[in-house]
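Following are the structures in question.
Note that chain A is present in both complexes that follow, paired respectively with chain B and with chain C.
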Partner chain A sequence: MDNPDLLLKQLSSIVLNASPLIIAVCGETITERAGLINLSLDGTMLLSAMTGFIVGYQTGSLWLGFLAAALVGMLFALIVAFGSIRLKQSQVAIGFVLTLLGDDLSAFLGQNFTRMPGSFVMKAGIPLLKDIPILGPIFFNQDPVVYFALLLVIATWFFFFRTQPGLKLRGVGERPEAAFARGVKVNRLRYLYALVGGALVGIAGAAYSLDVKVGWSEGHIRGMGWIALAIVIFGGWSPFRGAIGALLFGATKALATVLQRTFPQVSVVAFNTIPWILMIAVLVVSASELTEKFINLMPVSWRRPLRRLLRVSAPLALGTRFGED
Partner chain B sequence: MKLRKWIQVTWPLAPIVAALLVTSLILILFQTSPKDALAAMIEGSFKDTAKVLQVLAFLVPLLLAASGLLVTFTAGLWNIGVEGQIIIGAIMASWVALKIDLPAPLQITLEILAAMAGGALWAALVAVLKTRGGVNEIFSGLALNNLAIILTNYLISGPWQPPEGGTFRGTQPFAENALLPLLGESRFSPLSLGIALLAFALVVVALRGTFWGLKLKALGKNPRSAFLLGVSSEREVIFALMFCGALAGLGGAVRVLSWFDSLRQSISGGIGFLALLVVMLASFQVYWVPPIAAFFSIVLMGSTTLHIRTGLHPSLGGILTGVMVLFVLLFGDYGKLFTRRKKIPSPVKEDDAHG
Partner chain C sequence: MVRNSKRINILMSQTISALTPVLATLAALGVFAIILMTLGANPVEAYGALIEGAVGSGNAIADTLVKATPLLLIGLGTCIAFRGGVTNIGGEGQLIVGAIAATGLGLLFPEAPGYVVIPLAMVAGFFAGAVWGAIPGALKAYFNVNEILSTIMMNQIAVQGMNFLLRDLMIDPVQLEAASKIPQTARLAKEFDLPRLVPTRLHLGALLAVIVAILVYIFLWRTTIGYRIRAVGLNADAARYAGINVKRYMVLSLLLSGALGGLAGAVQVYGVTHRMFTDGSAAGFTGGAGFNGIVAALFGQLHPLGTIPAAILFGALLVGANKLQRVVQVPSALVTALNGLVVVFVVSSEIWRRRQAKKRQLLEMEEAARATSEPDIPPEPIDGGKEVLR
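On to the complex of A and B.
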């Protein structure tokens, strides 16, 4: 790692690899901020990755591929929203069944399209910006999916915290009764943001099969949806922290690959376990009482920033139902 | 009015119809006649005694895991880690089978105990992460599932690889005295079915007739009031999960000691997830669990036959069961679907209260 060019290349590949995850995390953050949990991410992403790849392959148009994937994501999100809001059933149960169903559907429907070369998103550096030293090659000499992910993070943050509809969105997820009293149509907004989030999750799936991990095979990106769901929690339902979480996750994976090359005697297995151990560790840090005890051992002036850094709190009305009648 | 009545009576059949409809559409998309496919699936499960015994052999671990899940679901816990608990059970049973050599009854007892202990401890991890770490059991369970899979692959390709060289397929076959007594040429062990039915009966009695079952129910329905009534939620959560883990581990032992004769790569084959679907479809009503588990085994074995016969991906069975459960989750509650929202008049008459 003494070669700076190599390091830059490594960093830019981390950003590229984390982009679909960032998109999915943003999508789910939007949905959960409105108070609805869409647990079906893993299945949705598998099915939309498959759909996006096949549509892109058959029509030759990447746009149609992404569009089809977004529609798949919206369909699954709609099922979760309709089931929990209108039919008043458990959103966790519906989401979980959709996870399994999406996995099986993608395996079956995509069986004739496995391991085929398909079209993919081309790299397109942004003129001027890509020549900035260090930042240029990492962020601006990438492909459109990366730019979309980065813009999405900024746009989501701006929407949440600087606009009127964003305030309503957060209100619906925090105190739906209060929002309702102010004349906000709580359930209508939940439908809306479930669909928006679902579309983004679908796009994230296609971002894998059409860009980051081109192609389709059974169980293509199995597990990434769950990772995204964990990162949403780690990110404290904030788009920026979520994006940082996704980048850190990508960096850890890249680091593992480097370490593996340096220490070939350690089994590959040890490195495969990293994402899952990391997932548990991260959730423990953000939710456990132990973290609180640890923070209280620190000097008083450190406590507030540390708490802000390590602790998260969920939207108050997350996963609860709201009856407008 | 007549139509309503008619819908009400035939409603329980609707999920099956919906599932058949969706799978038929998918089959037509793949230029396969749904009728032929269905015939192949039924033949795959019922053609002769061997096929029926295969279904029964598949059913045993499924029923064990589903019985365990009845306990955790009653306590309001989403034990998605059941899949990993099955795998750890299989690993522990394989460990005893490979490393220890005793006369058959002792050997099998030891294998089963090791598997149950392994499954229970793996579940205890989920429980402690929940009660002490504040980690939702869905996430810890999922991560532990993946860790269990990675551990299996490591053991198969590393320390436990067959002497003739490592493949990623499995360990060497276990000795005869380490395997469960099988019925004839089949992979079905009547003893294991007996144990599974016993375990199921035990769960039914525990949930319906004991104070422990009542406490779990209280915890599942309303954790806060259960706490106020003096139910120690931490102890019950840990115990419920470990109970489920022990049964799932037992299921894993049955997988390696009768369905296979060695530790294989995908040793559970999604039985844990299938068991979750079984209990969800049963809507936590205990007596429905065995018939639904049997039905799912038939569907899954049938779709494997379909795969061998036509080359179609075996996930068709998963689609069929998934659509059924989804349909029941969404529309099973007939009442909620057909009652229109009514405006409820406010119980407080304005001004009157203040007189």
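On to the complex of A and C.
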């Protein structure tokens, strides 16, 4: 790693690899901020990756590929929302079953399109910006999917914390009764943001098959949906923190590859498990009461920033039903 | 007269409500038939093959039951966890660690008599799964870590561990000599095979699973500990006020749930595969039993005894699907999609049940208003008395 160019290349590939994850995390964050858990991410992303690839392959249009993937994501999100709001079923159970269904369906429907060369998103550096030293090659000499992911993070943050509808969205997820009393249509908003989040998750799936991990094969990106769900928690339901989580996850994976080359005597398995163990550790730190105790041992002036750094709290009404009617 | 017809109405709607899962299954099969037709296959022929493959002969029935066994054990674990208010999606990982422990024991003592090793292996699998379940349980109870995610992570760790062990410590010495180095263990001693119940592939594990189902039922509904687990699942706050150590029971329900998953792994190795092998993914060894078992439990309304027929149904679908695939030449992935379809239909059929239950309650209220003196039929809670989750 003594070659700076190599390091920059490594870093820019981390950003590229994390971009679909960032999109998915933003989508799920939006849905969960509205109080709904869409657990089906893993299946949704597989199915939308497959759909996006095939549509892109057949029509030759990447736009249509992404659009079809977004529609698949919306369909699954709609099933989760309908099942939990209208049918009053467990969101977790529906999401879980959809995970399996998405996985199976993608394997079946995509089987004639496995390992085929398809079209993919081309790299398009932004003029001027890409010439900025260090930051330029990492963030601005990428392809449109990466830019979309980065813009999405900013847009989601702005929407959440600087706009009226964003406030309503958070109200629906935190205190639906209060929001309802102020005249907000709680369940209608939940449907809406489930659809928005689902569309983004679908786009994330297609971002894999049309950009980051081009092509399709059975179980192409299995597991990434679960990673995204964990990162949403790590990110404390904030798009910026979520994006950082996705980048960190990519970095640990890259680091594992590097370490593996450095220590060939250690089994590959040890490195393969690192991201997963790290995820658990991160969840422990961010959700545990012990962290709170640890923070309270610190000097007073440190507590607030530490708490902001280490602790997260879920939207209060996450996963609960709201009986509007 | 009027009252009688109302009562018949109530009975009718109760029957329909009980039959909804069956009707939903039929609807799913109907949709599947349409898919088959669009693929140019004859659905009648296809379903004929499915049924014949699943229950057409003694061997077929035995295969179905063998396939249902791990589903049932995993499903029973799911019942305990969900009833205890925790969601265990770690069946795959728990099955794998159980299988590893049981296989390891069998490989360590190849000379020991079967009647010693087999029970010990079951116990080893049980405990390994218990550990694998207790870790996310403790993380949930004491560190507030979401158990859905941690059990998924534990699955991944178990798979990596299996891949490592089967390529390294536990690899078949023959494979170590050979150039191919297929990652699998040696075959366990023939003595350790679970006894066959009848001269088919049906092994003792199937019977064991049914016994465990009854035990789980007794445990959850007839013992204090089981009662407390359910109390925690129904309302953790109320349970805490009642003096129940909620955290401990959370860990316990995930621990037991994992233990049954581990037992499923041990049974699978000693009854069916007689060795462990891996293709790198979890499903390569488990065949997805760790996930399908959860679905079977949901299908069985999270009731241990309801899970028995549900597991058999899914076992039949899996076995019959193989035949279906051979006869009408449809891809295997389509067949697993059929399982998903069945579940989605059953879940969505709940809307029907609920609407019926509501109607029934209204009828009952009218009934009660008309004749308060004879409360023959106990009023049903609004959800038909069955909580699908929790």
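Convention: the second predicted complex is superposed on the first by the 325 of 325 C-alpha atoms of A that agree within 3 Å, B and C clash if a C-alpha of one lies under 4 Å from a C-alpha of the other, contacts with A are read in each partner's own complex, and residues count from 1 in each chain.
One rule holds in what follows: contacts are C-beta pairs under 8 Å (C-beta built on N, C-alpha and C of every residue); 3 or more make two chains touch, one makes a residue touch a chain.
Predicted, not measured: the structure shown is a model, and the values here were computed from it.
Taken together in the superposed arrangement on chain A, chain B and chain C clash. In the superposition on chain A, A:Gly219 makes contact with chain C only, not with chain B. Applying the stated contact rule after C-alpha superposition, one finds that A:Asn296 touches neither chain B nor chain C.
By the touch criterion defined above, A:Thr257 lies against neither chain B nor chain C after alignment on the C-alpha atoms of chain A. When the shared chain is aligned, no partner comes close enough to touch A:Ser313: not chain B, not chain C. Note: residues 39, 79, 83, 87-90, 92-94, 96-98, 100-101, 104-105, 107-108, 111, 218, 223, 226, 229-230, 233, 267, 269, 272-273, 276-277, 279-280, 283-284, 287-290 of chain A belong to the chain B contact set and to the chain C contact set alike, using the contact criterion stated above. Chain A meets chain B in the complex at residues 39, 79, 82-83, 87-90, 92-94, 96-98, 100-101, 103-105, 107-109, 111, 218, 223, 226, 229-230, 233, 267, 269, 272-273, 275-277, 279-280, 283-284, 287-290, 325. Chain B contributes residues 26, 29, 78, 80, 129, 132-136, 138-140, 142-144, 146-147, 150-151, 153-154, 158, 273, 276-277, 280, 312-313, 315-316, 318-319, 322-323, 325-326, 329-331, 333, 336-337, 341-344 to its touches with chain A in the complex. Here chain A touches chain C in the complex through residues 39, 79, 83, 86-90, 92-94, 96-98, 100-101, 104-105, 107-108, 111, 218-219, 222-223, 226, 229-230, 233, 267, 269-270, 272-273, 276-277, 279-280, 283-284, 287-290, going by the rule given at the top. In the complex of the two chains, the chain C residues touching chain A come out as 87, 89, 139, 142-146, 148-150, 152-154, 156-157, 160-161, 163-164, 168, 281, 291-292, 294-295, 298, 331, 333-334, 336-337, 339-341, 343-344, 347-348, 350-351, 354, 388-390.
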